[in-house]
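Next up is a structure, given as structure tokens.
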Amino acid sequence: MIVTLNGSTTKDEVSRLCNQIENLDLSATLLSHRNDIALVLDGAITSDKVNSIRNWPQVAATEEIHSPYKKASKQWHPEDSIIEVGNIKIGGGHFAMIGGPCSIETYNQLEKTAAYVKESGGNALRGGAFKPRTSPYSFQGLGKDGLDMMHEIGQKYDMPIVSEVMAISQIELFEDVDMFQVGARNMQNFDLLKELGKTNKPILLKRGLSATIQEWLMSAEYIMSEGNENVILCERGIRTFETETRNTQDLSAIAVVKQLSHLPVVIDPSHAAGRRDIIESLSLAAVAAGADGLIIETHPEPERASSDGEQSLYPEQYRELTEKVWKLHQFMKQINTKN
Amino acid sequence: MIVTLNGSTTKDEVSRLCNQIENLDLSATLLSHRNDIALVLDGAITSDKVNSIRNWPQVAATEEIHSPYKKASKQWHPEDSIIEVGNIKIGGGHFAMIGGPCSIETYNQLEKTAAYVKESGGNALRGGAFKPRTSPYSFQGLGKDGLDMMHEIGQKYDMPIVSEVMAISQIELFEDVDMFQVGARNMQNFDLLKELGKTNKPILLKRGLSATIQEWLMSAEYIMSEGNENVILCERGIRTFETETRNTQDLSAIAVVKQLSHLPVVIDPSHAAGRRDIIESLSLAAVAAGADGLIIETHPEPERASSDGEQSLYPEQYRELTEKVWKLHQFMKQINTKN
Amino acid sequence: MIVTLNGSTTKDEVSRLCNQIENLDLSATLLSHRNDIALVLDGAITSDKVNSIRNWPQVAATEEIHSPYKKASKQWHPEDSIIEVGNIKIGGGHFAMIGGPCSIETYNQLEKTAAYVKESGGNALRGGAFKPRTSPYSFQGLGKDGLDMMHEIGQKYDMPIVSEVMAISQIELFEDVDMFQVGARNMQNFDLLKELGKTNKPILLKRGLSATIQEWLMSAEYIMSEGNENVILCERGIRTFETETRNTQDLSAIAVVKQLSHLPVVIDPSHAAGRRDIIESLSLAAVAAGADGLIIETHPEPERASSDGEQSLYPEQYRELTEKVWKLHQFMKQINTKN
Amino acid sequence: MIVTLNGSTTKDEVSRLCNQIENLDLSATLLSHRNDIALVLDGAITSDKVNSIRNWPQVAATEEIHSPYKKASKQWHPEDSIIEVGNIKIGGGHFAMIGGPCSIETYNQLEKTAAYVKESGGNALRGGAFKPRTSPYSFQGLGKDGLDMMHEIGQKYDMPIVSEVMAISQIELFEDVDMFQVGARNMQNFDLLKELGKTNKPILLKRGLSATIQEWLMSAEYIMSEGNENVILCERGIRTFETETRNTQDLSAIAVVKQLSHLPVVIDPSHAAGRRDIIESLSLAAVAAGADGLIIETHPEPERASSDGEQSLYPEQYRELTEKVWKLHQFMKQINTKN
């Protein structure tokens, strides 16, 4: 249950209310959003208890919660969240066009990429320094050195940088990274989520390969319940029987999430498709469906990429796509504005 | 193997070639497309045989076939097919905006729907007269009476009509219907497909609930191999573990099919979503992805519909969606035209 | 609602009750099973109506129905069904060990197979005469000639024969076949199911590739609602993302079906696995799980089979497996009998 | 490539060979198994290089590797692995019957369970102290206190204990635990796997909810590549569209894994089924299929369990099941022994 308090409730009164709630054998979590204060109650909530709570003078309203997530729910936070990532915003009409290689390989490779990403109209740079690889014998990434290169290049081209964190022990190495990425395989690595929840850096939370939308929102809740509300959801395809594509991109997730949550949704067509030739079609579809951003793999020489080359766009393809994406994004704003 | 013949090859020469091919223990199927004539060869094709065939004077070119489907393949028919359905065209830039109720219930219900579908900008009418229902005890449709109503109303509002055929015995009842629909459950009802292949009416072939894209194209091939090349593919969601939606719409199928085949692709977001509130998002995504049409359920009073009410758009929603769809379709043509 | 009538209720009384039920705006279907008579009521069943029905003198009991299927439900028919197929019984402790080739190719091939199937302990013969093939260009089976061969060989080796029917028009050709098989692709070919429901021959109903257990039981209900209650369910694997096997055998379906229905369940490990080397493991698992039979592909020379060779057992493998299956089946009876 | 060396090869010779291999621009990993020594080579292996390597006097044989995993592969280690867990063995004919509650709740609850598990014939005790819960607001387990209770009770009833480890930071708390369990959600938490690979304690590695068998073996390889070869695989159901069961148990995985790997396979029917009434059927199926063990949830009072109550067996059910399992296990040994 959400108990909204009057705007004038003092801190002391809140403490007293919390005690009273404990006396009812319930637990209370304090939510504060803008000027509103509310308490989320857990435990055996009987109608007796609800009635007594409603009678307290500081209580403005009570509302049942329909979902197992709270902070991620649109119920408590009806307007779209806008997350600041370095010098850009994502959500609430602000669109992210994130580009870059799967893996950071060399300074030169990353700088070349950053240069054409920026010039094409991209506004954030991605790149993997720690790589989750199915095989222990595959290239595992440049690690901290990769992050350092990325920081320097991000600064030079004035773009925020995003990179995947795979373990709690790596968190401290991400000081200069603007947004953590949590990979699909770690979507339910709850200890990692909780630790990230204690930072205040934005998190790009990828959907697990077979995660339901509800589980994905619950994982966002794990982060948010620790205090960090800067979560951006990223759909990267779910596992099905189809073999023409690496995974099946679930674009219905955009509208479904927007019914349930205030968090922005970014689409990753590169990992969903696993092939370069359908990235443009999926990207434009995502924009039209209402996505808040795209994260796309591109490489100066895809055929030489150390990983995921077959799904990386050539520089020229990235340029063309970005141009279309921005035009379409503007157009969608127009047709979705009612007069 | 595809053996393309010189344009000047006579009918007699073709017969003689076919005999020679049989003497090589191969079978030949004649394909003719525009002014081109080709033979598709099957059997144990050795390099010896290929060499001897290449030497025949009427042979312009030989080409290996990379896919198990032939007539449906882009290899043999590189330009997009344009299918005529009544007074509209579908494919190659022509867009179908098909609307109507899941089930035809009464003359009045269908006419009301047709009126606002037409007025909103819809250009074809759908409606079920024979309904495939999971339960033998559910409403099974009005049958032939429903088709008659539909014919009359289609004429009145000058829109082609589309309805599902479930069995060979029903084919003759569809004389006045402009396009057969083959439902997802019948995608591999091969005897039905073959019979439909002997007609020359367009077929809207829905993808099976767990059909791969290749199986779907093979089912198109079943129809086409009997002579009817007027096949339109319809994606209606595949079965996954996600429960927020009835099925998962696979919008990547649009671009994948367009790499493999010349056949138009129409998207059915209503059955994929199973809920009205995300139809607009999926529809606009489909247009941006390059679909050749949409088939959408709408009902004058969805809450009173005899089936699928929860996924049917209200008249006003259908109107708004159709307006946006046409605007977006125009816009996509613009940004996809290179100067 | 199921309304069970007193054993002494006369035919006239039943008619009168049916009239009364119609006057309540409900419809009634008569079920008779052994000496019991019951009426299944459909329509808007209010508590008023239930009360009035309970007061009728011929009514022994009323019971709500919890499932959308009725005749297939264990609720109405608590003991296991035993289906007679030629000279064998299936269900209620009677086990079917059905073997044979995917396709009937020649008289000699089928006779050889029948000989070792019988000698190994198999008690029924399978073989495809009409083959549902993904490609229209693949071998489509010997048709009626194949059925004739099978009939003769079945007689000679004193085994009932099972073959797949793909279309209504083929039904009459199956006069000498002991059991129809409905393939996975036709599980929701409702018109075919209804026609088969008008015969009185046993039906082996395969589960669709992505059919839920409830949909499978509803398809059984389609057959049974027309009068033919001789339905045997056959699990043949469902479609998942796993690629080591052709499909994923769902052995939990055995116990789940036995909670819901009285119909026998036969397991087809050949199509589920798609590879010969794991058939024995899956077969023994199925027996231990409580299956009522196995249907297994075997061929005198699998590497020469016209279809499914890679999943067909060699004669010697079939012999060994059959021996183990019968031993295990006996053993399971023992350990499942409580003293 | 695997290069098997003569038994008499000295340590110095091995070093020298490794240098020579590096000179060929290849890398070598030393594998030693019993008295055999082999080198696994990686890099661009040309036929020239293979020929030169074959000519070295210490080389007994060379063999191509067909799978991306090495230490987990049956190719290098053809006989079944037998893993010691406390006072029991698992694999190679040794069967584990692991029982216990989902969560450790109280000392009393766990002791009661241990008592009837032992008395029924169970030979290992499971219990969750750290619980991966979809919701951050659900009960997260007793932590270290739970492990301490378990250790004491395991000692008292002379059974090895198994519990789930969720994070690297927890590893040191598991000193007294006989086997780590890695949960399905952490199957690709590669950093955790690598740390566990540095211990020498057995690991029960659950299959991810949508992991392919190959990915599962690759995760085993992550552990083994760090030195810990005591890995036991655990199938706990994969995610499909079926809703009658929580997941779909993939029993074909048993035989498939046994074709590919030497590692033992344990089946967890409790999480696959998510319902108590089909556990017995699945368990007996697993034994007949050739599983090396079962891990089953049971609770003295399932309806009061803090988690997973609906899938936990009652004590009496556990007793009956265990009795049948041991009888069947003995019987399977008999019928699988050829004379």
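Note that the chains are named A, B, C and D in the order they appear, and that numbering of residues resets to 1 at the start of each chain.
The definition used in the following text is that a contact is a pair of C-beta atoms (placed from the backbone, for glycine too) under 8 Å apart; a residue touches a chain by one contact, two chains touch by 3 or more.
This one's a predicted model, so the numbers in the text were calculated from it and none came from an experiment.
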More contacts between chains, A-D or B-D: A-D
Distance-maximising chain from chain D - centres being C-alpha averages: B
Averaged-CA centre spacing for the pair chain D and chain C, given as whole angstrom: 37
Separation of mean Cα positions, chain D and chain A [Å, integer]: 34
Between chain B and chain D, centroid-to-centroid distance (C-alpha), Å: 48
Junction residues of chain D, two or more chains touched: 210, 239-241, 243
Chain B - residues contacting chain D, complex: 239-241, 243
Touching residues on chain D, where the partner in the complex is chain C: 210, 212-214, 238, 240-245, 248-252, 254-256, 258-259, 272-273, 277-278, 280-282, 284-290, 324, 327-328, 331-332, 335-336
Residues on chain C engaged by chain B in the complex (per definition of touch): 42, 68-70, 132-137, 166-169, 185-186, 188-192, 194, 209-210, 215, 218, 221-222, 225, 239
